[in-house]
Structures are given as structure tokens and as C-alpha cells.
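Structures given as C-alpha cells follow.
Two complexes, one shared chain (chain A), two partners (chain B, chain C).
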Partner chain A sequence: MTLENNFIHHSKEYIFLDNETLSNHRENTYKKIFQKNYDRKNNESLKNITISDVSKFNYFYKPTKTNPTVSLIDDLNYKIKLVDGICKNYEDEYIEIRNITNLDFKIFLNQVNNNLDDIIIDFNKIFLNSGIFFNIKSDTKLKIRLVHDTSENFTVFQNNFINFNKNCEVQLEDHFNLTNNSINNINYNIHVDEKAVVKHNIFQNFRNSNKLYLTSNSVCEKKSSYHQNTYNFSEGFVRNFHHAHLNGEYSNASLKGCFFLKNKNICSNKTNIIHNAVNCVSDQTYKGILNAHSKASYYSNTFVSENAQKTEGYQLSKGILLTDNCSFFSKPELRIFADDVKCSHGSTIGPVDESALYYLRSRGMSKNEAMKMIISSFIEEDLLNLDKNIAKEISNNLSDYLKSLSND
Partner chain B sequence: MIFLNINNLNVSIEGKKILNDFNITINEGEVHAIMGPNGCGKSTLANVLAGNEDYEVNSGKVIFKDEDLLDLNIEERAQKGLFLAFQYPVEIPGVNITPFLQASINSKLKNEKKPELDNLSFAKLLRKKAEELGINTDMLKRSINTGFSGGEKKRYEILQMSVLNPELTIFDETDSGLDVDALKIVTEGINRFKNPKNSFLIITHYQKLLDYIHPDHVHVMRNGKIVKSGDISLASEVEVSGYQNF
Partner chain C sequence: MDTETTQTLNKYVQDKYKYGFVTNIDSDRPKKGLNEEIIKFISQKKNEPEWMLKWRLDCYKKWLKMSDPQWANLKFPEIDYQDIYYYSAPKGFESKPKDLSEVDPKLIETYNKLGIPLEEQKVLAGVAVDAVFDSVSVATTYKGELEKLGIVFCSISEAVQTHPELVKKYLGSVIPPGDHSFSALNSAVFTDGSFVYIPENVKCPMELSTYFRINAEETGQFERTLIIADKGSYVSYLEGCTAPQRDSNQLHAANVELIALENAEIKYSTVQNWYPGDEDGKGGIYNFVTKRGLCKGNNSKISWTQVETGSAITWKYPSCILKGDNSIGEFYSVAITNNFQQADTGTKMTHIGKNTRSKIISKGISLGNSQNTYRGNVSFLRKADKARNYTQCDSLLVGNKCGAHTIPYIDSKNNSAIVEHEASTSKINEDQLYYCRQRGLSHEEAVSLIVNGFCKQVLQELPMEFAVEAQKLVSISLEGSVG
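For the complex of A and B:
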């Protein structure tokens, strides 16, 4: 279906229909895309995406027999299941989670906007049909596993708000359980209050027919930290665009990711860290293994504003290309307006080191085994500081991926 | 059984001829040494025997344990009992020594249809061998050769040899870069490892190593072939007057 048809026929699902400001804004956004009134050539948000692919889709959103849950796996260890973007409204002394309603328009008006040229975020605004408001109360120490179930053919346009309040210490896991043929355009607004410590691990492992566009904007206040890791084992298209704002002094953020591509898989990645305060540290590292005809891109960006002295910022991209037919485009960028900063970026992308392969094989290991050992070593360091269960899950996914390589 | 026979081997790299009708025969239990000026093709010989695919074998034959060695790939040669201690061991960050060596020995055992070693018995074996060679067991937790000093890399090659227990070991300048004490430990290690079934091809620039190891044959190599063979006295000749007389 065309963009126009979708817009006209599915306007009722829009959450903020009653709010004039947001509705107008939405209308304008729609017009901008419809009239192709945006930068089409150098638009990072469209890297590895064709606009006609994203604008022509079968909008379908009828969450009827949904069954979202909130359960406790353990003490202070939650499992929260969202179904088609909907959660079960729940509150206890540690957390509060609920679906957003049109009464929440104020938080929408106030959300950090770093996505001015992001067409995917424009689509998220135009078709917004779900969202959750998630509050983690202060001084709590929790583990949360957030499972996103999306039914067949569903198009979920979701905008979520997570507040990590003062002094909380949280390990948040996102799992995407997509069935078939779904489109998931999900935007996170994450606020990390003073002295809060957040580890956010995101698992993406789903089949070819699904698409996931995941965007996040996090804001760190004084002495807080936000560490995000994405693990992308998906056959379906994934876009990871993540922005972190260091607004409070002595805060730090890392946006890291690993992806494992085969066949004709495509992924598009971007990270962006904005230093707005003194004495902050940031790290952006994406690593990928690419096989067959797969394709990846990674933009990284460190912005240091003029008052963000004593900034430390690192950027790195690493890739192993297993065939001559895959490609990994990487573009690091630094924009620095303060003078007392330490920033660096690096990039190493290429085939498996032949001399390493020779060394391992010369001790009797088969080529396949040697290859696997080198590939596993590639993410070895990323597994070191992880919770045992998570590390196990990743290494299971990794061995599945490695198995698939030998079948090619 | 023919243990190792190299017959009129011609090898080139990027069109440049390096080995030139090279011949040698090594029998079971023998220790051979090859000396020769820089660039004469010693490492080329070692790498061609190990199966390095960068080199082009233009003609000639290599029989190892009655089989055509050149028909085998890199790992098959290792599994059949060939081991090369590299002149420049490569650093492989992230690949830990212990699982790497365990996987190596197990692929060999598997090939010989013998039971594989479990983690515990392998760890024991590795620790024992490391202690024999004066290698700090802390090193066994590290990534392959990563950040090792020149001498540490060489010692670690010897450790791999003693764990994998090969029948033919090629040392490519394993003595270079070792301090006096390390040289002693390494040669003791080699001597302990020597038995009527194990053979060695030792590539070296120095007589010192040969004094400790007592090779059965010493060869001088120039321009891709052996130009003179003899006993240990040949090494002293090289030591005194260099290669111009050969």
C-alpha cells in the first residue's frame, strides 16, 4: 500500500489524535515525506534502505487477543512481555509500567529530538500506534527482561519512555521475538538520573521476513552511566541507531554492538554521543562478521560541546569479511569544540588474517575449526564483563552462526 | 619406511625462484642441521614442508612417512606428525593458548583414532610440560604470542612441540633471540625429547646450539640448494670463515 493510503486509512490508530499540536506536527511530517522534501542523497538514516521499501507497506495493527504479562522470575528480577507493543499496566514499590495514552502528550512534546533528518523516526511519528511508559524507581537494584512479541504481519510503531531514577542499578535486556512478516519501528527515550547505573543489552535474532528499526535517545545526568550492547544475529533487516547525551558531569555512556551476517542480510548502524558536560567518558564500538553477500554500514559520531572539557571519547569499528562479496561501510566522525579533550577513532575491516589461520592449522586444527576460533576471539572481550546467562546466550547464538558458515 | 625424502624440489614465490633442485634425506631418529646465509631459502624450505600455500612448488617430490607430503594440506601434515617451530611466530590476540593447544592435540588424536583429552587431563599435561621448560604457568592464560618477548615466543614454540609430540620437528632459528639460560633450557628440552623415533631439522646461524644438540649431519645451503654436507666440524668451519668458501 502507498504511503498516502496508509496515512488516510489508518489515521485513527494514531495515539494523539486529540492533540492539536501533535496532530499538526504529524501532518507536516507526512507532507515532508510525501513531497520528498528532505535530503535524499546524503541521508544517513536511509543508508542501506530504499525509501520506497519503507514507505510502501501494508499497515496492519489490530491488537486484540493480546496477552502481555509482568512476572517475577526471582526476587528483583522481572520478566515483562509486550505483545504487539502493548504492556500490562503494573506498579509495585520498585517499578511502574503502563501503556501511554493521549494524556501523555506533554512528554512527547518534550522528548529529546536528535532525529531531525531521520526518516525512520518520521515514520514512527506518522504511524505511532503504541508506546510504554516505564519508570524504575530510585535506589533499586533490578534485573529486567523485556520481551517484544510481535504477531504475524503486524506493523508496530512504538515510542517508549524509560526513566531510571536516582541511584538505581539496573540490568535491562531487550529480546525481540518476531514471528513473521512484521515491521517494528521502535524508538526509546531513556533518561538516566543522577548516579543511576544502567546496563542495557539488546538481542536481535529473528527471521528474514521481519524488519526492526530500533532507535534510542538516552540522556545521562550527573555521575550516571548508560552502557548499551546490541547483539544482532538476525536474518531480517535491522537498523540500530543510538544516540547518547552526556548532560551531567562525571557521567559516561557506551554504545556498542556486534553483528553477524550471512546470506544477503543487511544491517545499518549508527551511534552518536553528545558530550555536554565536563569530565565525561564515552565509547562507541561496533564489530561485525560478514559472510556471503551481506552488507553493513556503521556511522559513529562524537560531538563535544565547548563546555565539555576533560572529555574522553573513543570510537572503533572492526569487521571481518569472509567473502569478496560482502561489504562493510564505516564512517567515524568527530566534532570537537572544547580544547581539553582526549578523543580517538579507529577502524579495521578486512578478511581473516591468513597468517593466523596458517599458524593454527599448522598445529593440526582444521581450516574450519581455526576459522571458528578466530571469529570467536573477535568478540571474546565483549563477553568478559557480561552476566553469565547473557554470555551463554550469546555464545549459543554464535555457535549457531558458526555452524551456518560451514553449511554455506 | 622412507621417513623424509626431498627430491629435486623447485619452489618459487611471486615468480621468483627460491629453492633450486633441493635434495635431502632424513631417517627416523636423525638430527640434521642446515646453515646458510640470509635469504638462501631456509625458511622457504621450512614453510613449504609445513604446507604454506603462498609458495608455488614448480617440480620435485617430497615423501614423508611413505606418503606424498605435497598432496596433504597444512593440518593433515601436522596431524601426520610434522611440526614447524616458526622463525617469526604470529600474534593472535583473543585466541587463548590453552584451548588452542587442546584443540590441536585433540584433532591429532582424533585423526589417530585415539581418545581425545578432556580439559582436566590436558591442563595437567600442559602444566607439566611448561614446568619442564621453565615457562611460567601464568603465560598459559594469555593469547597466542600476544605481547610475548622474542625469547618467550621461541620458548612457547618449544612448549607446543613437546605437547604435540611430533615425529619430525623443524626448528627455524629457534635459538635466535634466546638468552644463555633460555638456550640451555630449550636445548635440554630438545635433548629430553629426542628418541629413536623423532627426527629434527634444525635451521640455525650459530654453532652454539649445535654444540648442545650434537646433530648427526650438518648441511650448508646457498642459493636454494645444499652445497655441502658433513658432520659438526662443518659448523665450526662456517663459524670461523663464513660462507664464501662454499
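For the complex of A and C:
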């Protein structure tokens, strides 16, 4: 179905319908896309996808029978299951979680907006049909596992707000359990309050027919830290766009990711860190292995504003191309307006190191084995500081991926 | 920042543009504005054949349909193309002087002030100068000696007359006029520039050199340079630029095309010192230059070296298209911006052939309120087996009002190709400063020494004659005591 049909036929199903300001805002955004009134040539949000791909879809969303759950696996270890973007409203002494309602429109008007010219976020605004508020109370130490279940053919446009209060220490995991043919356009607004420490691990492993557009905007206050890791083993299309604002001094943020592509997979990545305060540290690292006809892009950006002195900002992107038919595009960008900074970026794209391969083969390993060893060592350093369960899950996924290599 | 650095900084900022004198010579120029009439006028003045005029008019039609490229990180008022003189020649130049003694002594003096005394250089030997004064090539020295080797070194308008087949074949072959609006504009109204042809297996024994200087007010200078190195040949070409100090902005939109055939090598060095505008950012040159080299044959090599210290706005991306197998592209750049200067410069390396290699070394230094951007594109196409690129771009920030930006684009479609990119941005290292000061250098000397060391990798790529000038320029921008 075309964008126009979707907009006209389904516009009554979205939330915040009764609010005039938001309705107008939606209408304008829709018009912008419909009249092609945006930067069409160098639009980073449309890298590797075309506007017709994005705008032609069958909007489908209705309440489902399966119930979302919140359960305690053991003490201070939560498992929260979202079904089609809907959660179970729940509160205890550590956390509070609820669905957004029509009364929450104010927060939408005030949200951090650095997604100008991001067409995917525009779509999220127009078709918004779900979202959660998640509040982690201060001085808690928790593990949370967030599972996103999406039913067949569903189109989920979700806007989530997560608030990590002072001094909390949280390990958050995102899992995507998508069935078939679903479109998931998910936007996270993350607020990390003073001295909070957050580790956010995101696993993406689903079938070919699904699409996931994941965007996050994090804001870090004084002495807080936010570390995000994405692991993309999906066969379907994935777009990972993550932004972090370092607004409080002595805060730090890292946005890291690995992706493993095969067949005709396409993956689009972007990270963006904005330094607004002194003495902050940031790190952006993405690594990718590309096989067969796969295609990936990675934009990274470090922005250091005038008053963000004593900044340290690092970027690294590494790509390994296994065949002649895959391609990787990277654009590591630095924009610096302060002088007392240490910023760097490095980027490499190439085949598997010949001499490393030779070394292993000369010690009696088969070519296949040697390749596997080199590829696993490529992400080894990222697994070192991880929780045991997570590391195990990643290495399982990795060995599946390596198996698929030898079948080619 | 400590007070001493601020003081040193202020000293740099106060340093005036030394080449800002105006030579009062009557100019012969038509009305302002751009239209078909002007193009016909230029073509007629140059006595051009019919095909050349047709080519110009075609380009003009293309330009009419285009808008200026928007990708650069620059802020400037929209250029009014109807408010510019497109042709300006000192009067009495219709018949060219045969040797230097016939040239207006005032002009010679101008060159002397610039530090390129033609006479002296003739005696010193080694450099042949094709000096471009506004739009007409004043005198081409050393032509005779080059002719013996079969080398053609003349102005482009002369080449249209004498070597039409070469011009016809190669003009616009590397930079298609429809590439972007500045290339179309230049193709339509180019007035002068150099033409170089090096025959097969000839190593040009001396460095060829040209000096551009914009004199008349509100004139755009649109020069066009075409260098063709035939099989197995070698040439090193130097280009220097200055302009007088005026309050109004001047436009400079040059096109430079290089073609290297099999086993040929071209080395192109630029020292650009256009008037950058005053301390408040008033006036100065808008420099929109398209430079592109094509390594057409196997084993060919093109090397760009540039030192950019001037211009209110620099928009310049000397590029290499590595088409021949085993061809090499190199780019070395130092860009210094001060006051309200803005520079958006870098390179584009397109790897098409097998085993092609490219190397990019870029050093940016920002002072005052300036903005300095490196923008580079490295792409490996499907057939570029075993291609290789190494990129290093470092930025140095002096003062907290300036900005340094690095925007590389890296695209690989070949799995045997290797690309490596690294960049860093920092201020002058306190430890290094301390070390120098401890050994008795003044703060200013120390800064100058460190900056020169920072640029060394690029400066050493320049030919001897230029290296000295470039070092001086770096020091002028920093008011140092080097050299």
C-alpha cells in the first residue's frame, strides 16, 4: 500500500489523535515526505534503502490475545516481554513500567530532537502506535531482559522512554523475537541521570522477512556512563542509528557494535556522539564481516561543542570483506569546535589478513578452520568484559554464522 | 589557555597580508555580467576557432540549468554571477611582447614584489615561468629550450591555435563540463591558463611554473590548465597564486586537468596564497577550484601537493582517477586557516584498475575564528583487485574559537582491496612546547617549530624552490622565525 493510503486509512488508529498540536505536526511531516521536501541526495537516513521501499508497506496493527508479562527470574533480575510494543503495567520498589497514553503528549513535544532529516523517525512520528515508559528507580542494581515479540505481518511504530535514575547500576538486554513479515520502527529515548551506570546490550537475530529500524537517543548527566553494544546476526534488514549526548561533566558514553552479514543482507549503521560538557570521554566502534552479496554502511560522528574542553573522543570502524560481491561504506566524521581535545578516528576495510591465514595454515589448519579462527578473534576483545550468559549467546550465534560460511 | 599563547596568537592575527598591493594598469574589459555575448566576446578576443566557441556555449547552456554544489561545510553569501567581470586584460596586450624587455616595467615590478623576478629566475635557471596576469599570459619564458625537447608549454589560448587536435581530444575529458556548476562555468568563460604537453619518453628537465595573480577589482579569474604526459614521460609543475588586497570578494573558479598515459608521471605542486580577507573577515578570494587527474595508462602516477594559506573560502578537492593498472595517486596537503577563513578541502581517489595505490596525507591547522574541514573520498570499484589506500589526516587547533572537521567517505566494493584511514585532532602538545621552551626558544619560535614539524611530511614533497616559499608562508601565517 502506498504512503497516502496508509495515512488516510489508518490515521484514526494511532495514539495521540485527540491532540491538535501533534496531529498538525503529523500532518506536516507527512506532507514533507509526500511532497519530497527533504534532502534526497545525501540523506544519511536513507543509505542502502530507497524511499519507495520505506513508504510502501501494509499498515497492520491491532490488539492481540497474547499477554505481555513482567517476571522475576531471580532476585533483581527481571524479564519483561513486550507484545507488539505493548507492555504490562507494573510497579514495585525498583522499577516502574507502563504503556504511554494519550495524556503523555507533552513529553513528545519536549523530546530531544537530533534526528532532523531522518525519514525513518518521521515515519515513526506519523504512524506511532505504541510506546512504553520505563523508570528505573535510584540506587538500584538490576539486570533487565527486554524481549520484543512481534506477530506476523505487524507494523510496529514504537516510541519508548527509559529513565535511569541517580546512582542506579543496570544491565539492560534487548532481544528481538520477530515472527514473519513484520516492520519494527523503534525509537528509544534514554535518560541517564547523575552517577548512573548503564550497560545496554542489543541482540538482533531474526529471519529474512522482518525489518528492524532501531534508533536511540541517550542523554548522559554528570558522572554517568552509558555503554551500548549491538550484535547483529540478522538475516533481515537492520538499521541501527544511535545518538548520545554528553551533557554533564565527567560523563562517558560508548556506542559499539558488530554485524555479521551473509547472502543479500543489508545493514545500515550510524553513531553520533555530541560532547556538550567538559572532561567527557566517548568511544564509537563498529566491526563487520560481510559475505556473499551483503552490503553495509557505517556513519560515525563526533561533535565537540565550543565549551567541551578536555574531551576525549575515539572512533574505529573495521570491515572484513569475504567475497568480491559485498561492499562496505564508511564515513567517520569529526566536527570539533574546542581546542583542548584528543580526538581520533581510524577506519579499515580489507580482506582477511593473508599472513595470518598463512601462519595458521602452515601450522596444519585447514583453510576453513583458519578463517573461522581469524574471524572469531576479530570480535574476541568485545566479548571480554561481558556477562557470561551474554558472551555464550554471542559465541553460539557466531558459530552458527561461521557454519554458514563453510556451506557457501 | 595561558596568556602567552594568547599573545602569540594575537601576534599572528595582526600580521598583515604582504602581497596586498594593486598595480595600476589600464584594464581593457567588457561590461559586467554573464551572457552569450560575453562568451562570444571572450572567444573573439582570443581569436578562437568555431568549435571552441560552440563548446563554450554548450557549457554555458549546461551551467544555466545547474545550481551550486551544497555539500561543503562553508558559509558565504550567494554569488551574484551577473556582478562579475568575466574578462580583463591589461591594455596594449593584443600583440604579445616577444621578450621580457618589452613588458611593462610596472608589471615586472609587480612580479619582483611577489618574489618571482623573471629575469633573476632566468639567470638562476631551472624554472620556466608562465606568468598569468589577470587573463592574458604575459610572457612565457624558457619556451625555446623546451621546444628543442618537443615539450609544448604555452598558454591554453595559444594551444587552441597551435595544437587544436590535442585540446579537442583532452579538454573536458577528465572534468566533464556537466560535472558540477563551477566546472560548467569555467568551461564556458575560461580566459587563460597553461597548456603542457610532454612527448613520449621525455623527462622534462626543469620545473614548469605558473604564477596567477588577480589584479583588477571584481574580476573572476577562470583559468584552465591542461597537462598531458605522454607515454614514459615526466613533468613537475608548480603553481602559485596571490591577489591584491581589496574589500570586495573576488571569485576564482579554475579547472585543472591532468592526463598521465602509460608509465608517465605528473607532479603538481601548488602554493596558494590568495588574499584571505582582513581580520574581520571582510573581502578576500572565493576559491572554487576543480582539480582532477586521470591515470589513464598502466603504471602511471599523479601526485598533488598543496599548501593552502590564503583565500576567504577554499573549496578544492584535487582528485585522482586511477584507471590504469598499477597506477599511483598521491595527495599531500597543508591547509592553514586564520581569522575568518573557511577551508573545505581534501581529495577523491577513485580506484578502477588493478593494483592501484593511493596515499593521502593531509594536515590542517586552524587559528583565530576559522573553520577547517578535510573532506575525502576513497572508493574501490569492483575490478580494483589488490588496490590499496592509506589516509592520514591530522588537525591542529590553536585557540578555542576555531573549528577542525574531518569528513572522510570510504567505500569498498572489492574484497582484496585494503583501505586504512586514521585521523587525529588535538591542540599543540604542552609537553613539546615545554621541551622547546626549556631549551631556550621563545614561545613563538617554539610554536612555529612545532607547526613546521607537523607539516614536514607534506612540505618535503614540494620541489626545492617551492619548499622554501612554502615554509615562509607557513611562518607568515604563524609569524615565526623559521627559514
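We adopt the following convention: the second predicted complex is superposed on the first by the 408 of 408 C-alpha atoms of A that agree within 3 Å, B and C clash if a C-alpha of one lies under 4 Å from a C-alpha of the other, contacts with A are read in each partner's own complex, and residues count from 1 in each chain.
Note that a residue touches a chain if its C-beta (ideal position, glycine included) is under 8 Å from a C-beta of that chain, and two chains touch if they have at least 3 such contacts.
These figures come from a predicted structure and were not determined experimentally.
In the superposition on chain A, A:L76 makes contact with neither chain B nor chain C. Contact with chain C, but none with chain B, is seen for A:N42 once the two complexes are overlaid on the shared chain. Looking at the shared chain after the overlay, A:C343 reaches chain C, while chain B stays out of its contact range.
In the superposition on chain A, no contact is made by A:A391 with either chain B or chain C. Touch counts on chain A: comparing chain C and chain B, the chain ahead is C. By the touch criterion stated above, A:L383 is placed in contact with neither chain B nor chain C. Touch criterion not met for A:A292: it reaches neither chain B nor chain C. In the superposition on chain A, A:D324 contacts chain C only, with no contact to chain B. Within chain A, not a single residue is touched by chain B in the first complex and by chain C in the second. Considering their complex, residues 42, 306, 309, 319, 321-324, 326-351 of chain A touch chain C.
Chain A makes touch with chain B in their complex at residues 353, 355-356, 358-367, 369-370, 373-374, 377-378, 380-381.
Across the complex, chain A is touched by residues 50-53, 73-75, 77-79, 83-84, 86, 89-90, 92-96, 99-101, 103-105, 107-108, 111, 143-144, 160, 164 of chain B. Of all residues in chain C, those touching chain A in their complex are 1, 71, 382, 395, 397-427.
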